[in-house]
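Residue numbering begins at 1 within each chain, and the chains themselves are lettered A, B, C and D in the order written.
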């Protein structure tokens, strides 16, 4: 028995069989709870800025997703665990109705963290029954089942996105506390490392193809696959390090407008930025707040939690530039995705091009616009990506906190140019 | 053995003996915990606006007060429970050092609610030892002991203020939640009541004396006692009811600028006020959110949670006016303070002047300015009241949520004219 | 023939005869134009902050006042010069209808400055005719004429208030220009002066009377005259000088929170105040921007353009306090008002109490509240003063830019505690 | 004698001879003054929002450009007309030094409008002398002269950009005035017109070239010319009309989130948009404010003064989309630029593709990013375009108020997605 798996709402071909989907569902759901485990009820309820959501909300919203888009559709007369949750835990789906305003997610002290745990268990149980039922009847004989499996798969990838957000967000929450408490104590001493010199690999450019195609899962914004003409270019072998960033700072990087986009310079002045987010003066040097608490800045580690403005200014300072997303993808297409989860990015160790995945998202010079031929799906799931396609920059690769099987060569992450709370770093490129 | 008790920092005469003080200390400290008992860790950490503090913070700050102003002074080499708490739980005492900014008290997820419970127990234990030591040595032989007892007494009154704030604040927090959860379920059906007609009692005025004098405790802002000339006036027998307020609303009270102070009218328009805080449309009528959850508006109950702007506009609409604080005190001086704690104010039942205490604070037309001869104490405790004496209006009496032995005829409460989250209502007055 | 003159809307007794009123009208109207003469069309149209009105607007609004409250009432079928002006030039009279929002007065480039000049001439001509008609018929036989004369007199005092505002406002406008252009070039060298030592005159206090009473004109907020009990006090002989203010600054006046009201300290930090408004660093010293351009700070001259917060902090620093408005009036009642107009306040030269009038308004510790028995008049003119009686502090005396016959012992000026663009200074007081 | 003309700072080949350049300079400088002629001094000084500059400022800034980038470079010891103007009239060139903050350009009442007229005359005279000197010495023998001629040409195009801004800005200023005065009275009755049906012309796509190349002037952001792959597409024959826009409105266009980008929908709700900027309810219909005053909305005329958000929502509503800038250019490349200046856009009359130029700028779906190989010039002129390349959308074509010889097929205009005060309209496109 097979299940068709698709970019949202556009079934095209087979991806996972139902048993694999069920295992994936169980694994993802369990992992979310594992990530929340170190956090107290107090940690899980606070919202530190409008972009941040409470841990509790992430746990509930990803559960609501299955109630809203799977169980309500698949089961006649499905009784929601609590009708109020539809309002509380809808994120931004206008087609689904009114919702708690995003900046006020931190006002919801009840339902409690325990209530949310229970909510997750009840929905998991309902999903279990649904999986049993699907297993009893062949999928390929039922368009509905096919669509449901598609939406379940989407739900698991959606929840993985929120796993990364959960970690980004709780880092921001804990950083607001003047005590700077750690999410987890450091498990081991970070090893001293010496990343190799910055080198560039050339590519001839020409007419290439980018974007997702094929039976594997992808988000709708990754396709359609299409042709792009590239001029010859070169891509750096590794991410920019904190040591290199300290040189930029020492050379007046945050004080000299000539490196900056106009909006970037205004932002620097408005907020008094003089270092990446989470960096603090520590004696003569700098410390950086991580999910393992505050640590001395490691010159060998990739810089992270910088905005597009900073990434672009840094590139100007070096005389290089940021890559276009199609350049990045063209190079990355021949590399394996082998991420290893960690709470903070690590120094490069490999020769050749490295750190494409699993350390820090990489800002590109590409604005987040639809690929040629892109059409959002009808209905609520069509709101998933398309409606954010303005005033955002594309990031490629993945971060150390990205779930292990959530990275793809064609993955398009996106954030506003001023945003710094994502695990975003810098890879340089140049014309040839 | 006796202890001198004083307005802050100005010992004048004896008030409580040490045993009474100790009993008072124990009772107040226990009562704070009792008030927090119905609240979950999640409830206790959230801050719903800058004026509001988390429950957890109230519990910690009132404890810090004894560490900062009593234990550190009385005990050589006193070791604070946690040095970081000095920063986290200082409210506004500039003289004591830097502190967590008020609007960011809700960012402190750690120390946890349990940690704060422990903090309270440890400080209570240290206070117990201090009481023992004081009991062993006569107070009157030691100016230091006298001063310490004075500060302990101040600390208990300070904590009682925070008990009322705790309830005001958690009501505001819970109201943000679209589910409108109750702090406590209603214990009994509110009884139908029919308050008597609004009548006025005249007073001849003349040269009167107001303000605190004598051995009983008072805050520094209640004195010195001083002469004031009053013209003849009359004071209403009871508070304005919700039923009367509904008439004001029906007559366009929130739509007609002629009743309003200029700043008040601007505020009405800016925030779209059309009823008291916590009132919601419910079918054809109105419901009101209380600490017992949402209830139909009771026309017989006093209106509460109105701003000075609204109180003043209401008075204009009636053709009466608000009382001056000295008028209020002159009438109240001949009445007993017999408050009975309740989570929401109740209808008037008595004949004659009633509801002076124990239902809702009463806005006066008096700005909060120092009494003639007032001087703030030196040092940090001198910041207690004096530095707030601008752009605030005085409220008199007490509210249903004011601790039972915390009301006084000379008590001067104060809030900005736009503030609505206090349990503040309206008593009318008039010239004669 | 006589005309009854009154506090707004409350005719009580005779003040000016009709010829005197006409002379007063002509003189005031001419003086406004004289004040605008040095200003270009560009100068007259710009609004530098919401509190400030363009010169052109002042000239038009004071003219509209006579159209709205006199000509429309007195003349059947009076045709307004331009119906649109009723909307454009109403200030804040809700009863009269909608109006151009205050912060957007500077958006009105048309009608032009020339158009406004013409508007003034046409209304003056209509007023001329009205005066002729009134002269032909005895006033005392006509309640309407009596009321009209009253409103004309009010209009002249209203226009004098705007003459002072015009100068305050254009000073603020010109100060925004980085070239700091002068309203008028300095006419002569300011003479070196050496004010005498600061001394205090005691007063026994007791039961005194304050407030306006009698046939002379006053604003409604100056009455009713009423009894007040005062404790013994002392009042400083002169205003605080810039030299004394420099000592305050040198002693960390703007850096030490212990001197400041809580709101004041927050304001200092928010705006980075480190000196009075209009003071600029000039080499090692300070310059001050005046209507005569930038000048070195004169240590002998009174400090001016300070907020209530600063005045209060200064008083705390000295150990004295600010006077209550009744204290000020009680002392001033025995002094003559002999102001001499000037564009900037001058050093004290007299022995004894001086500078009560004609240099800088003096902040008092009194909040702006209604006097006992005060009732605002019905209708639009009742909005003149009453609706501002909250969150303002009273200032007494008058300033160097106050029109010469516009000062009174009972005059109550008022501004918010944070306001600095008025010509406001400091006179100290103390308990005895 | 010839002069090399270039994208800023990158001389590449010959464009204008020196006589032609001189004629162009004279014509442009004269035209600016002609545009300012209908405006009073009051009109010319006011700034209605931070994006808007006063007319006076445009006149001065375009003059400062020649002082800063031409006369100071070309003439040894050149004496600026007024050293203060360097601060007052620098727009955004960080490399040139500090400047009057943009939102405060409307605070500068002096220098007067007359002073600015004089400034323009003096700089024109200095330029005259410079032209004489250049004419005396062959350009091609002097790299400096070549560079100077280049900068002069840039200055004329820069001034033409400000001519359009001047009209956009004064329209916004006059619209703030509740009287809605006209910049110029309508010269003739707009003729009734009936634009033809909306049709689409297909294009095969493929590997095309876009961007400027060759000796003619262009801005730096128009190059380098480069290859782009296009999928097959179709472009609408004309702009969207007001009549079509009214249908969108009637169908709930401004009330249904499903058509909108997420940021767009938030903007609609925040500002209460329910029609294009400058549209007002007029009885049952709509009026539109134009530089000729308020007029009934003409259903045949192109809609204008809409944001990117609105353009994109409209396209979603129709089921079409906005064009990519390369699609637009590929089609436009075969059309002649024949603009005819007008104060408001006119209905389409031609068959075939029309209104590419001379009516309304056309929002594209392309974000404003650098072309492959783009490098900003060194120094201040390098700030001209490059530093704005984030969070802006590209507009193509030109508007009715664009100077007649200022439109080009390769011209890239850009504004933020929320901006509405440009003369921006909508041309639809679609996939094939």
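We adopt the following convention: contacts are C-beta pairs under 8 Å (C-beta built on N, C-alpha and C of every residue); 3 or more make two chains touch, one makes a residue touch a chain.
Quantities reported herein were computed from a predicted structural model and do not represent experimental measurements.
Taking the CA centroid of subunit C as reference, the farthest chain centroid is that of A.
The centroid of the Cα atoms in subunit B and the matching centroid in subunit C are 38 Å apart. The mean-CA centres of subunit A and subunit C are about 60 angstrom from one another, to the nearest whole unit. Inter-chain spacing, taken between the CA centroids of subunit C and subunit D, is 47 Å.
Subunit B has no residue in contact with two or more other chains.
In terms of which chains touch, the assembly is arranged as a closed ring, every chain touching its two neighbours and no others.
The set of touching chain pairs reads A-B, A-D, B-C, C-D, using the touch definition from the header.
On subunit D, the positions that touch subunit C within their shared complex are 40-46, 48, 56, 84, 87-88, 100, 104, 106-110, 112-113, 173-174, 176-179, 181.
Those residues of subunit D whose C-beta lies close enough to touch subunit A in the complex are 92, 94-95, 207, 226-231, 257-258, 260-265, 308-309, 312, 324, 365-367, 369-370, 372-373, 387-391, 393, 416-417, 431.
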